[in-house]
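Here come two complexes built around chain A, the first alongside chain B, the second alongside chain C.
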Partner chain A sequence: MATLTLKQDKAASGKQTLEQRRATHAWAKAKAGIAQHQKDYVNDAKGLPALIMNSGLMQVMAFLHGKGGRHEVLASHLRDWLQQAQGTPPDFEAFMQHLLNAQPTEFQAITAEAFAWLRWLRQMAPAAAREV
Partner chain B sequence: MPMAALPKYLGDDFAQASPGLRFGMYLPVWGKDNKTGETLWTSHDLNYREAGRDRQVRQFKDENKTQALNQSARLNANDRQLMEKLAQRQAAAASVLPQMLSLQARSIAPFTTGLGNEHPLENGFAFLNPYGLPYLPGSGVKGVLRQAARELASGDWGDERGWNQQPSYTLKMGKEPVHFSMIDALFGKECSMGGKEQMRGALSFWDVIPQIKGDRLEVEVMTAHQSHYYQKKRDDRAGNSDSPHESGQPNPINFLSVPPGSGFAFHVQCHQALLARIAPDLAEADRWQGLLQAAFEHAFDWLGFGAKTAVGYGSLQRDAQAEAAMKQAFEQIQAQAQAQAELDKLSDEQRQIKELEQLFLATKDKGGLDAGCPVATQRLKLLDDALGWESPEYRQQAADLLRRIAKDLPWAKKRKQEASDKLARLMA
Partner chain C sequence: MFEQQAALFLYAVSPVHMGAGSATGLIDNPIQRERHTNHPSFAGSGIKGAIRHAFAQLGGEKDLIKRLFGPDSGSDELHAGAVSFGDAQLLAFPIRSLKQGYVYASCPQALARAQRLLNLVGVKTQWTIPLPEEGHCRLANPALMSGDNKLHLEAFEYQVHVDPVLPELSSALAGLALPDQPEYGFFREKLKTDLVLLSDTDFAYFSENATLVEPHVRINEKTGTADDGGLFYTENLPPESLLIAPLMASQSRSGKEDKLEAVDVMMKMHNILDGRLLQMGGDATTGRGLVLAKLVGG
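And now, the complex of A and B:
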């Protein structure tokens, strides 16, 4: 029994914490976004949390999708993370339908997760831009 | 019929939500295809109407932005009440704080603020959380007044009205003395990154809650003609050039504004002890107040408050009538506070006597003394309570007051006899 516990601990220490996973994902997406859209991606990433805070997650996702181009790239990066963390669909239309039908606790959890990931992205993006 | 991008559990009736929430979270701007019922997630609806010479049914894109903004611009009864209460609360706080300068103004042009805030319709608006009402941040007021002070001090506008930019004050920070002007003393001094010559100013500027005239904000339009230049887009319709010229395509952008005729109350607080230490002559005889009034007048006449002042938005003028009303309200609040403070100092017995005396005098002035009035009820209560008091002094004071009241109050004969008996016992 003791051996089993030790094995589990070892396995757990080899895994990343949720924060580390957010950071790793945000770093990869920041590099990809900057490769495509340079400084614009950094500015959009910095402004996105305030936009969600004032207007709500769904309004902002619809807005980014409507604008298209680099805005849709950023939105797809966020949806990709939310798929991993919250199991939401990665495709825009299915994502919006999922949120439309979400229950209060789930909607709040998804919004909170979006903020948690964006906190990393808005730090990672300027750092990634300096590396390029 | 456009909808807001929200989970279904929230419903679709947001008439009681604040304008700030209706403009931000609950903006019903997302369109539908009205034939298929499909949500489009664009800011226009797809409608189908007969049109053209052949009366064929055609598809039309109907924009939802203006309608959505108009819906968010409405003020309901709660919003109006909240707006008035907030202004009253500010005025009450300002009236009891020492060293305040309060000014009332009225707008003579539309006023708009926070257009640079993030919003899905490009232009935001400054709503004060959590009330969801338009506001002008104190930092915005401070910026305008600092600019007004600089302009007056420069001498380019003729009369400096007491302002100057001379570094006439000195303060020792660390080893080196720092020289600063009256503008720095009042508004603070900034320095470049890493420098030590920074200090806070003596003035604090409060947020302004506009008292909106009517029951709605206005939806206005600005029409940019040079978006090809700003966005560096080459377009056939804009002459296939990305340099600025007069043939750009008009791009109408809607935004919210506060209508002219709305009231603005400015409150500025001075840290008197700080000012007396760093610039004693400004603190003396409240000289800072005169300077600030001059800066306000210059800002009202020439600068304006909020956004888009270069094209005349945010022009205000002082409102003497509102200032007189505010002064009267201040005096009333102070008199009430003083009366309450005096009541708080008294013993329970004295307070009961005093309160009945005040009620009696006020009711008598209004001519409302009758058998069922509150004075009659309170009188009987005092009579009963006073019979249990030990202090002969308080018993005597209560009896004197009760006799005075009895002369003016009509009584049923039986009750009068009963009260007279009790009064006799009180005085025994």
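And now, the complex of A and C:
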């Protein structure tokens, strides 16, 4: 049975499921972001999925990089996760180069992964803000 | 027992927010979606409620409301209504295109489900549904292509196969789904020429990630600027989306008033729904939820 195998694997290697890894990573980044930028980080995290849905991942990453400061902090958190989950480069220019050369299916997979992680960050950020 | 069946086409002419309540997803106020496809959908109860609410205004006789839709909630009367609205499923979804503004995208899964529904309610269709691969698309209108056999939808590029049988399907669909009046001629034509078939996977991506998401804030009366903590994001189904729902009718069952036969019940639905503008879902006072109805069969 698939679930049984998964359990054994987890016990044997101490590995988390992908969803658990997203949550763990988002929690750590939310805490770091809030330590630096407090409430602004929460609002930016809440708005980021809508921005990507409306404008596309590359445009939004360029926009955040262009604005710099806390926006670049948030963008770097997302790029850091995408490096772990999709193997994209963590720094801005190489990340953009990678997307520029990506096939549509890969581009969509990266965007979908960004949303999957942001789903967590969106909930973790307000929760982490209360902890401070 | 429902003796009469028909298919109700719903064409969004404004953004539509059939809300799914607040959720812990990417958006604060998401729209309703089917569990297994994650395509946007309208719950049958929401459609029925909207039509019941508008029944008299659409030209229906007020004293028929209980017989057709069932007694008011909390009423002592106990009888079922004579019409049944099923959930509306997504048939075509508008996607921004480099050429021709936007296309009506669909996929084999959505078309096959619509065809099944139409055949089940007695509207016989014999569509040949092409099966595009991932990253590829089928279309009929070469004017949609840019460069070298490519279609550009939002940020994505698809390899085009011009499909000679697609117009047969899209013409049949456009004829069924949109009212005959000349003012809808442009959209009937566009649905005929600019229907693009994507793979189920590619279509699912857009139907999930290419809806209309708007930020909303609360304005502080004193300062005239956005209030703290009032920011939320609302999702809408974009205008030009097309959905299809089953509609069934039985004889009326109130036991008191004159009985209406199923044929009469269906006739009344035709009279109030066909080619009419309905308002469905939330945010009605900000222009949301305008849907054009077309009833086929029955």
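The definition used in the following text is that the second predicted complex is superposed on the first by the 119 of 132 C-alpha atoms of A that agree within 3 Å, B and C clash if a C-alpha of one lies under 4 Å from a C-alpha of the other, contacts with A are read in each partner's own complex, and residues count from 1 in each chain.
Operating definition for what follows: a residue touches a chain if its C-beta (ideal position, glycine included) is under 8 Å from a C-beta of that chain, and two chains touch if they have at least 3 such contacts.
Since the structure is predicted, the reported quantities are computational estimates derived from the model, not experimental observations.
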TODO: Would you sort A:100 into first (chain B), second (chain C), both or neither based on which partner it touches?
DONE: first
TODO: Examine A:115 and indicate which partner it touches, taking first as chain B and second as chain C; both and neither are also allowed.
DONE: second
Open item on the list: With both complexes superposed on chain A, which partner does A:62 reach: first (chain B), second (chain C), both or neither?
Closed with: first
Task: Contacts of A:17 with chain B and chain C, given as first, second, both or neither - done: neither
TODO: Based on the superposed arrangement, let me know which partner A:54 touches: chain B (first), chain C (second), both, or neither?
DONE: both
- [ ] Would you sort A:43 into first (chain B), second (chain C), both or neither based on which partner it touches?
- [x] second
Task: Set of chain A residues, in rising order, touched by both chain B and chain C - done: 47, 50, 54, 56, 58, 103-104, 107
TODO: Over in the complex, which chain B residues touch chain A? Could you list them?
DONE: 4-9, 24-25, 27, 30, 39, 41-43, 117-120, 124
- [ ] Could you please specify the touching residues of chain C with respect to chain A in the complex?
- [x] 24-28, 134-135, 154-158, 202, 205, 209-211, 213-215, 231, 233
Open item on the list: For a test of understanding, state which residues of chain A touch chain C in their complex under the given definition.
Closed with: 43, 46-47, 49-50, 53-54, 56-58, 103-105, 107-108, 111-112, 115, 118-119, 122-123
- [ ] Can you check the complex and tell me which residues of chain A touch chain B?
- [x] 47, 50-51, 54-56, 58-63, 65-66, 92-93, 96, 99-104, 107
